[in-house]
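Both complexes below contain chain A, partnered by chain B and then by chain C.
What follows is the complex of A and B.
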């Protein structure tokens, strides 16, 4: 039975095999240059995405006693995570090379991160969800600390690890409650048991623990403290990863665990998420305003975006959940373009830490400035960029649920967000460049065309998909209308 | 190749060429820019011809959807195509004239620094116009409509360093805004009533809309009338009808190829096309048809009069364009949609020809446009002269030339139309015939005949224009001469446009052609000599000959005798003065009031700076919480858990 169904986990197996191959380079062929590890990682991700998109990987159905669920949602999220990982690999290599950080183990950890995300995407039981989550988190801890020369990175990794371990403990504790209620790890069984015992104290306790743990993973206020520290402390190439791929796992976790598993208690977690969402919108966006460090700014803005996602999710119905999934996918690619641009700037030897470092970029490198502009406009929600539709769809859902007050609050916060995004644009386009003769200009080296072209596709994609928004949106709706558990 | 592939090719080729020539103009260079755009438009022309051949074989409308742009509240907004004989004919006309203008531009813009940019705009315009023509719903049509408006703005102001050019561009843009607002409102009326903007649904609902009162109740205006009138305001801005015509003469500030393509042959006919396309809606409203008819007839007569006093060669042709658009409008308003479209097609050829001919003259005259400084050019520029003469005879509707068939068909149809106001319109159109002949041959005589009045230097350098300029002239002269003979029976007899247009409930004004199988083109020409319009036209030419060749002192004497009237014409009926003094001044005052009172005090002072201060203050309060200490983070986490647990268990 198991052997027959083994290929149901085809995408996970491919990525796992790829990661082992990458490790083998490090162990068996120590003389081989790490670029081979990079190429292996790139190819295995590309092949997996291609096979998933072609439909020849991840047969639909429920496998392994409910442990593995392949449905259109898991496929959509797998593809999104795969594409995001591909972009992350492409953007990060020039920077890793320049700072002497390129080692096979980096690529290994990126692949295991992706593997964790893939497992969470199609997790049908509490165990698989937890397994994927830990795989993901452990890879991230290691990656954040990978540059041992940077004390800031080690500090961020330490904080993230301790807090993350606490969150994991809370999640496991909640799982024991759920197991006690249902007598099974399967989400479908849990859902039935919850529907049979509405409002029991055990359910409420489980909901409370789950919400706190998940809010931590997503970086929602008041459990967001790790976000700016990690965004600032990690090497830029890792920040790029942290800000993109794991978000897919977070929304998958929300969908599987809260939406499908604890759907019967949506009245209970809805209120909690609403509070977290409002706090995230408020605190994330307000604190982003006062940041001068671009990465911290994007970190706080990420918290603000999580507020938008939760705002849609807390509505409870499938419509709100679909909007949340759509927003997350859109956000991941906006974030990839923004961090990708910063990473490539660093790879050239330019500093991209503060707003001042970016001033006058439009004159030094008009294309790069334009790509960043696309990403920032999209993040701000300026039409016709893709980010506009994401916000529009969430707000429409909220208004349809007669929560007009919440919608107005979210719009006001979006205006605040537009302020700090546009300030970065202003600095790139209108401020005079820093005085010449510094080390920045002298050390500027060309960025590989391959990376630049992909950044261009990513950034212009935000514009093109914004003009033609129907495809991605209907893909999300389709995925959410055929859920399995 | 399937029909929808062909349509996509026609649309996307000019767009791709425009993008490459515009964004990559450093890459492809000058030659690359014109080779690429001309190739794209030529292919689009061939594909349009193929499409026309297909729909000739199969007259049903072919409706495609290429892409669903968005779904909103159950309404579907799509990008698609509606290919029938009307849109296919328009595609051929647009791509043909565009191709001729593209080739001509190589010669005309040869020394201009914005060469590649100009070709990019030309191709972009072609794309937008084609999108407008093939659209299968109002929203898509509106996208093309705004697209051509944008390119028109860019091209009128192409020489933006001239203040007059950028003023003219802004003026065209603003007056078109008025029309666009009405267009949007018209769309909103239709959307509210039909819940979709697709033509198919609107046509199906038209009879009901013709009976439904707009604001409920039992009396008053019907939905069809309201929508048709609003959309006609939009159409009248684009097609320069009274009172939104004032931008078109000023648009002559743009380079001449633009005047030919955009401000004569294609874009300004978009309004005509819109009304014809929506004819099933218009026939449901007698009021709207009367308005269209009367506005058209008034424009045809009174704007023609202005052509008599203009001295700039391009402005004369511009007023003649407005007046001819008035003829088309009158044809539509009379219910003779086929005649209006017929005149649109023939006019596109002969008016593009006249403009390009004028451009050739301007080129030879070193960019002198004042006709008083020309004269006797026919000896120096034989090709330009002959082709210009062909265009002029077509314009005055000399029997046998293309313009004759279409214009006399309109005049005849208006005379037979059951629409209210038709008899008045008929008189105005007949008067317009005399006026047209007068200003046209005044122009011909002033430019090509008589004594040369230019200075010695210009005169010494006079020569015929190069082949890239004269070739398009010849290419356009052929249809200007012959198109009427070929198209007369199929277009007006009803077989070509079978089922495309709505029909008036009683009395079909074009029935005189379809019911009379003996009315061949030759018979129509023969019959012209007993019509008043022919003799009016001869009288106009004779007056021009008398005043400008035989007794050149006569015009000045006439102007002195009727100096009040003359002033009225020279001041263009004071319409510009009205817009500038009343509308612009009032708008400026309101704007300044809002700016100081509303914007600076309330919004900037209170809301923006106030809220910015508030945000800053709140952020400073929040900041110390994030102090980087791990134990505090962990504490907040536990506190949050306790709060959540407490909330969950207590409620």
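What follows is the complex of A and C.
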């Protein structure tokens, strides 16, 4: 029985094996260059994504006493996380090489981050969800501080660690309440127990703690303050990772834990999430306007996007949740293109910290400027791009739920967001370069064609999928209509 | 009523740890201790519920939580060393370059 069911965890096993292989390179073949660790990581991620997409990793079902769920949603999120990790690896290597940070440990930690996301995606019990979340978080803490000479990185990692560990402990304490109610860690049993005891004080305490912990993990106001700090403090290649792959785990956690496990208490968490969503839209977008540091700007804008995702999720019901999953997947690839562009600029030997560093980029490197333009337009929600459809679907759901006031507020905040994204575009296309004579261009080293081509595929993909939006949307709807727990 | 007593102990310990994180404005090491204390309170709660239900799964969960707590302590102390090397201090007040 075990031998056949083991492939239900096929993606986790493959990535786990890949990460161990990467670590063995470092231990056994110290003289081997880290590029082999990079290639191993890339191949294991690519193989996993390919097998998942081909549908050859296990059948749908609930395995191991509910510990692991293999359903279309877990496969969709696994594929999204795998593709995003592949892009992150491809974008980050040139920058790591240039700044002397390329070591096998980096790739190992990226793979364990992905492994944590995969475990959360298919978590069918409270314990699996917790273990996946911790694997993800512990890998990120180490990655943020991996550049030991950078004081900002150590500081950001320490702050993120203390607050993240506190959020995890709150989540775990809520799990003990749920376990006390249900007598089991299985989400299906927890859901039944909650439906049987509506509104008990234990349920309310558990819901409150869970929402606080999840809001922290997603970076929603009022627990957002780590987001800009980590985005600024981490090395750029790590910011690229933090801003993309973990978001998939966050939405998976919302879906599995709140949607499927605590669905009976949706009236209680819906209100809390609505407040968090409105505050995130307001604070994230308004504070992004005053940022001069591009990474802090993207950090606050990430908070604003989380506001949109929670706005869809708090509606409850499959429709809103599908819109939230769709928005998250779209956001991850927009964010990957934006941070990927900044990372590759640093690999060229340019700075990409402030708005001034980016000015005149269109003259120095027209293609790179165009790719960043695609990412920023998509993040702003300009019509032919994919980001427009994500916003439209969320707003349609909100209006269908007769919450027109919320929809109007979200649109106003989207307009504010368009202002600061377009300011970056203006700086790239219409401002003169920082130092006339172009010392940036003189110091520029060529970026490997491989990375540039993938950035192009990512950025143009946002445009092409925006023109043909049906495929991804129907994939999300299909995944959300065959949920297991 | 043993369940209630056990849960009360767990809640009090958890509250002490949580209060410690907000009251303590001096030392990062104390913050790490508070985190460990929170996880121990959680373990007490798991064991209490497990005994009440008469099952073992809550007690098995304790081993997982202990393992994660050990990994968390290892990473937390490693970060502490990195912070100390950069700042020559483990005061909470010194890590204020980044303004959330």
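The definition used in the following text is that the second predicted complex is superposed on the first by the 476 of 485 C-alpha atoms of A that agree within 3 Å, B and C clash if a C-alpha of one lies under 4 Å from a C-alpha of the other, contacts with A are read in each partner's own complex, and residues count from 1 in each chain.
Rule of thumb we're sticking to: a residue touches a chain if its C-beta (ideal position, glycine included) is under 8 Å from a C-beta of that chain, and two chains touch if they have at least 3 such contacts.
Keep in mind the model is a prediction, meaning the values are calculated, not measured.
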First (chain B), second (chain C), both or neither touched by A:141: second
Touching partner for A:165 - first (chain B), second (chain C), both, neither: second
First (chain B), second (chain C), both or neither touched by A:176: second
Partner chain(s) touched by A:222 [first = chain B, second = chain C, both, neither]: first
Partner chain in contact with A:185 - chain B first, chain C second, else both or neither: second
Which of chain B and chain C A:207 touches, first, second, both or neither: first
First (chain B), second (chain C), both or neither touched by A:272: first
Overlapping contact positions on chain A, where the chain C interface meets the chain B interface: 158-159, 162, 166, 225-226, 228-229
Residues of chain C touching chain A in the complex: 10, 14, 17-18, 21, 28, 31-32, 35, 38-39, 41-42, 45-46, 49-50, 52-53, 55, 57-58, 61, 64-65, 68, 71-72, 75-76, 78-80, 82-83, 85-87, 95, 97-100
Touch list for chain B against partner chain A, complex: 67-71, 612, 615-616, 618-620, 622-623, 626, 628, 630, 633-634, 636-637, 639-641, 644-645, 647-649
Residues of chain A touching chain C in the complex: 127, 130-131, 134, 138, 141-142, 145, 148, 151-152, 154-159, 161-162, 165-166, 169, 172-173, 175-176, 179-180, 183-185, 225-226, 228-229, 232-233
Contacting residues of chain A [partner chain B, same complex]: 158-159, 162-163, 166-167, 170, 201, 204-205, 207-209, 211-212, 215-216, 222-223, 225-226, 228-229, 268, 271-272, 283, 286-287, 289-290, 416, 419, 468-470
